[in-house]
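Next come the structures, one after another.
Below, chain A partners chain B and then partners chain C, in two separate complexes.
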Partner chain A sequence: MAFGVTTEQTNGIAKISLSGELDASSAADFRTAVEQVATEKPRRLVLMMDKLTFMASAGLRILVFAKQKMGREVDIFIVGAHDAVLETIEMTGFHHSVILLDDYDAAQIES
Partner chain B sequence: MERVDVYPTHEHNGYKLRVGKPFPFGATFVPGGINFSIFSSHATACTLVLFDKGQLQPKAEIPYPLEFRIGNVYAMTVFGLDIENTEYGFRMDGPFSPEEGHWFDRSKILMDPYARSIGGRDVWGIVPDWNNTYQHRARLVFDDFDWEHDRPLEIPIEDLVIYEAHVRSFTKDPSSGAKFPGTFAGIREKIPYLKQLGINCLELLPIYEFDEFENSKVHPETGEHLIGNYWGYSTMGFFAPKAGYAATGKLGMHVDEFKALVKELHRNGIEVMLDVVFNHTAEGNENGPYISFRGIDNKTYYMLTPEGYYYNFSGTGNTLNCNNPVVRNMVIDCLRYWAAEYHIDGFRFDLASILGRDPWGAPLPNPPLLESLAFDPILAKCKLIAEAWDAGGLYQVGSFPAYGRWAEWNGKYRDGIRKFLKGESNLVGEMAQRIQGSPDLYASRGPTASINFITAHDGFTLNDLVSYNEKHNLANGENNGDGANDNESWNCGWEGPTDDPEINALRKRQMKNAVAMLMVSQGIPMILMGDEVARTQHGNNNTYCHDNALNWFDWKQVESNAEQLRFFQHLIAFRKSHPVLRNRWHLSNQDRVGSGYPDISWHGTQAWNADWSDSSRVLVFLLCGKHARGGLVADDYVYVIMNMHWEGNWFHLPGLPSGRLWHIFANTGMPTPHDIWKPGSEPLLDDQGGLFVGSRTVAILVGK
Partner chain C sequence: MESLTLPATLESLKAIREYVGLASSTAGLSKDRSYGLALAVDEIATNIITHGYQEAGLAGDIVMQADISDGTVEITIKDNGMAFNPLTHIEPDDLETPLDERSVGGLGIFLAQKNVDELRYGYVDGQNINIFVIRPK
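Here is the complex of A and B:
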């Protein structure tokens, strides 16, 4: 399935929605989206992954990049990641650096 | 800002090139491209071979132009490569004349010795495609791991309690319940267990890329395929963590996964020590494969006889030529890389005496490599531990060229304690030395030079040490000829498993005796993975080739042997709470602070009266708390009674200064839960004058 990425920003919360397969060929688009939202200096980054079916190591590299690009004070939420994607994140230990949520918890994210 | 000072000057078949930088060796990212640098003192030409990941045939072969060689280093920058998907290797031209030490073969593709990631064995145990002529392929790694605030812990060496473990064995067994069994991620899942045990240093058997398919054979009885090299003591690539040890190996993220493990261990107060194997490589002798060094510069990398054969001081086929200046630099580069990039806290050097031999095998009085390592600026805070012997007869325990820095695996401690434990005669004098951190061996160094251990991956587990008189290694397929014969073990009355309750009770007690003596000794204690739950290898004392339950930690034993685990936990906690057990300097046997007691004193069934005779099996010592850390720290008085005699006895206790009373911390002769107490909750001893200590029993008292 083709990769898709959309962005939106409200109230200092940047939201990037991913769909399809994130691999070496599509990672560049994800990266561009991260760079784009970074210019607005959001206080939170939310990555909607409920429509993401697959993530390869290239995608993980962009997550690492996002964490560094956003800066230490910016919390990164990963919402709705599928089991396989979650597992990849857990295997590398990256889950310690982000906040994993099953659903969009407005109370937590928008506070 | 786009740099304008790095642009291509050459071109080959569509690939844009530029003369590279000779340092650093290996593949490094430069603006717009990748720098490939490799050394060879006898090659006549070099070609860079590029692959798309996983493809059998090369994508491109780019000869290094003549002007890209400086001295003996070939360096080239290649622009526009897909760094996620590239694998690379080298073809080296040169003479093929083994009697002169040259094995150049242009038809072979060779792996970069400085490869930071190696493809080809991405998932443990998957049978490789034997049609692939380039089996172990160098890959590129990213440096973007986020360490946050992590740094090496720099725990003072005297405070370490080391746990020697094998990555795969630790969590591979289904009983582990691990989500990622047998991997770095799996170890992360068990960090709470390690924390509860109380150890603060995890020493891992070699994690560098090795080939689990090397030298495979078949189990003589079951026909099961045996891994020739399960433990990993046969390195292919010194700069790369084993992909097959990572759950993300198949994704190529093993570098990140291992770093995440180090970070998480540090977060939990546990240091990471790596077992390094610079004494030989996986290429074996004349009959071994071409992987890397042999085809790149055989004469430089290996110790060769005048006829061109491989010296074999490692017992495995070849010997790395460590004191050749180029190889020495590779070793130093490698350790600096692990210390800086992976935040590793220390290194244990396998067969370290080889590192002190010159290129012709003769022992050096002042080996340049060992000296360089001892004084290296980047390694300055790393622990350096030597297995101070090799397979060529060079035994250097107590005489290893230490430069005041190197600690040693104290093989004499292991042997002395084992004999004392068995109840042999003529040992109290030696035991007194071992308990004090072996001043007879390390007088100018202090106890911190001594890594005390009773068991390690080589040899019996603790349970087997008290259950077998002889080794039982038939399952290794070498006719029981492999493995050590001088095990100093005692089966307590029956060889192997038995229903006899008395024998089993004695075995349990002996295991507790062993670890109790270890934890109250000056020096640094090391325990073997699984000893805390009485792991058994069924009498096999050399399980180097078993990828099965023989080696795997059985997590069911955490419950079934909870008594043993509890004993270990309290004992480790006791050691960590009493600085008088962890001195940096040797005890003087005198009263230096005016407490009225020497820092250490020796006793017997009578206080102040030790029996040093040949037939004595009893040794008792008192540590005066006022002398802890040279008198700088206040601690309790600790009295240790080691009765290895087959009869029990009444032991009179020395008097304590007023205000202090004897409390009992441990007595291996008592049934659980009275065998040991949580430190701090030790009950008051009823009779302050003395106590009865049973046969083959250790009792530890605290005067507070």
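Here is the complex of A and C:
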């Protein structure tokens, strides 16, 4: 499945929805989306990954870019990541720096 | 399986994963192992394309070959880019470091090594040869 990325922003919450396969050929589109939402200085970044079927390290590099671009006080939520993608996130220690959720939890994310 | 020759560009990554996926399903690998193999091959292929060819100002092909016997899957990638041995690559030592302080090099090779049973490398007659092995559990 081709990679897809959409963005939306409401009340300081930036949401980026990813779908399909995120590899080195599609990571630039993800990076562009991060740059775009960063200009609004959101207080939270939510990455919807429930439709993401593949993520290579090129995707992890954009997570690092997002954290460095937005600052450490901006929490990054990863919602609905598939088991295989989660395993990559955990294997590389990225789970220490993001908040992993099974479903979009408005109470936690928007508080 | 028949070999597959692709141009060494990032647009070939999808076809590379599909070829690996076909080998995995032919061999009856589990979903997990199949994903891990595709990830490992994708990461090394990405390195070959970006560092071995593009950054070196070279153009060329990648040749894929899958061999399946007794439930063992071997994927071989051959390329004529710059010589690069992923096995001499040092494992990142900052996996516990917060993302805002992290360097991002080496994650791909780390993931490749972790997701297959064996990764072999050779450089023969000006060709890089990377071999990925998944054995039956």
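Everything that follows uses one rule, which is that the second predicted complex is superposed on the first by the 111 of 111 C-alpha atoms of A that agree within 3 Å, B and C clash if a C-alpha of one lies under 4 Å from a C-alpha of the other, contacts with A are read in each partner's own complex, and residues count from 1 in each chain.
One rule holds in what follows: contacts are C-beta pairs under 8 Å (C-beta built on N, C-alpha and C of every residue); 3 or more make two chains touch, one makes a residue touch a chain.
Bear in mind the structure is a predicted one, so any value in this text is a computation, not a measurement.
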Touching A:Phe54, do we find chain B (first), chain C (second), both, or neither?
second
Output check: A:Ser97 vs chain B and chain C. Expected answer is one of first, second, both, neither. What do you get?
both
By the touch definition at the top of the document, which applies to A:Thr88: first (chain B), second (chain C), both, or neither?
both
Does chain A have more residues touched by chain B or by chain C?
C
With the two structures laid over each other on chain A, which partner does A:Leu63 touch: chain B (first), chain C (second), both, or neither?
second
Between chain B and chain C, whom does A:Ala24 touch in the aligned arrangement: first, second, both, or neither?
both
Overlapping contact positions on chain A, where the chain C interface meets the chain B interface:
24, 56-58, 60-61, 64, 67-68, 88, 91-94, 96-97
Which residues of chain A touch chain C in the complex?
21, 23-25, 54, 56-58, 60-61, 63-64, 67-68, 71-72, 83-84, 88, 91-94, 96-98
Interface with chain B, chain A side, in the complex: residues 24, 56-58, 60-61, 64-65, 67-68, 87-88, 90-94, 96-97
Touching residues on chain B, where the partner in the complex is chain A
82, 84-85, 142, 144-146, 148, 179-180, 183, 185, 188, 246-248, 251-253, 256-257, 259-261, 263-264
Under the definition above, what is the set of chain C residues touching chain A in their complex?
10-11, 13-14, 17, 31-32, 35-36, 38-39, 42-43, 46, 49-50, 95-100, 102, 104, 107-108, 110-111, 114
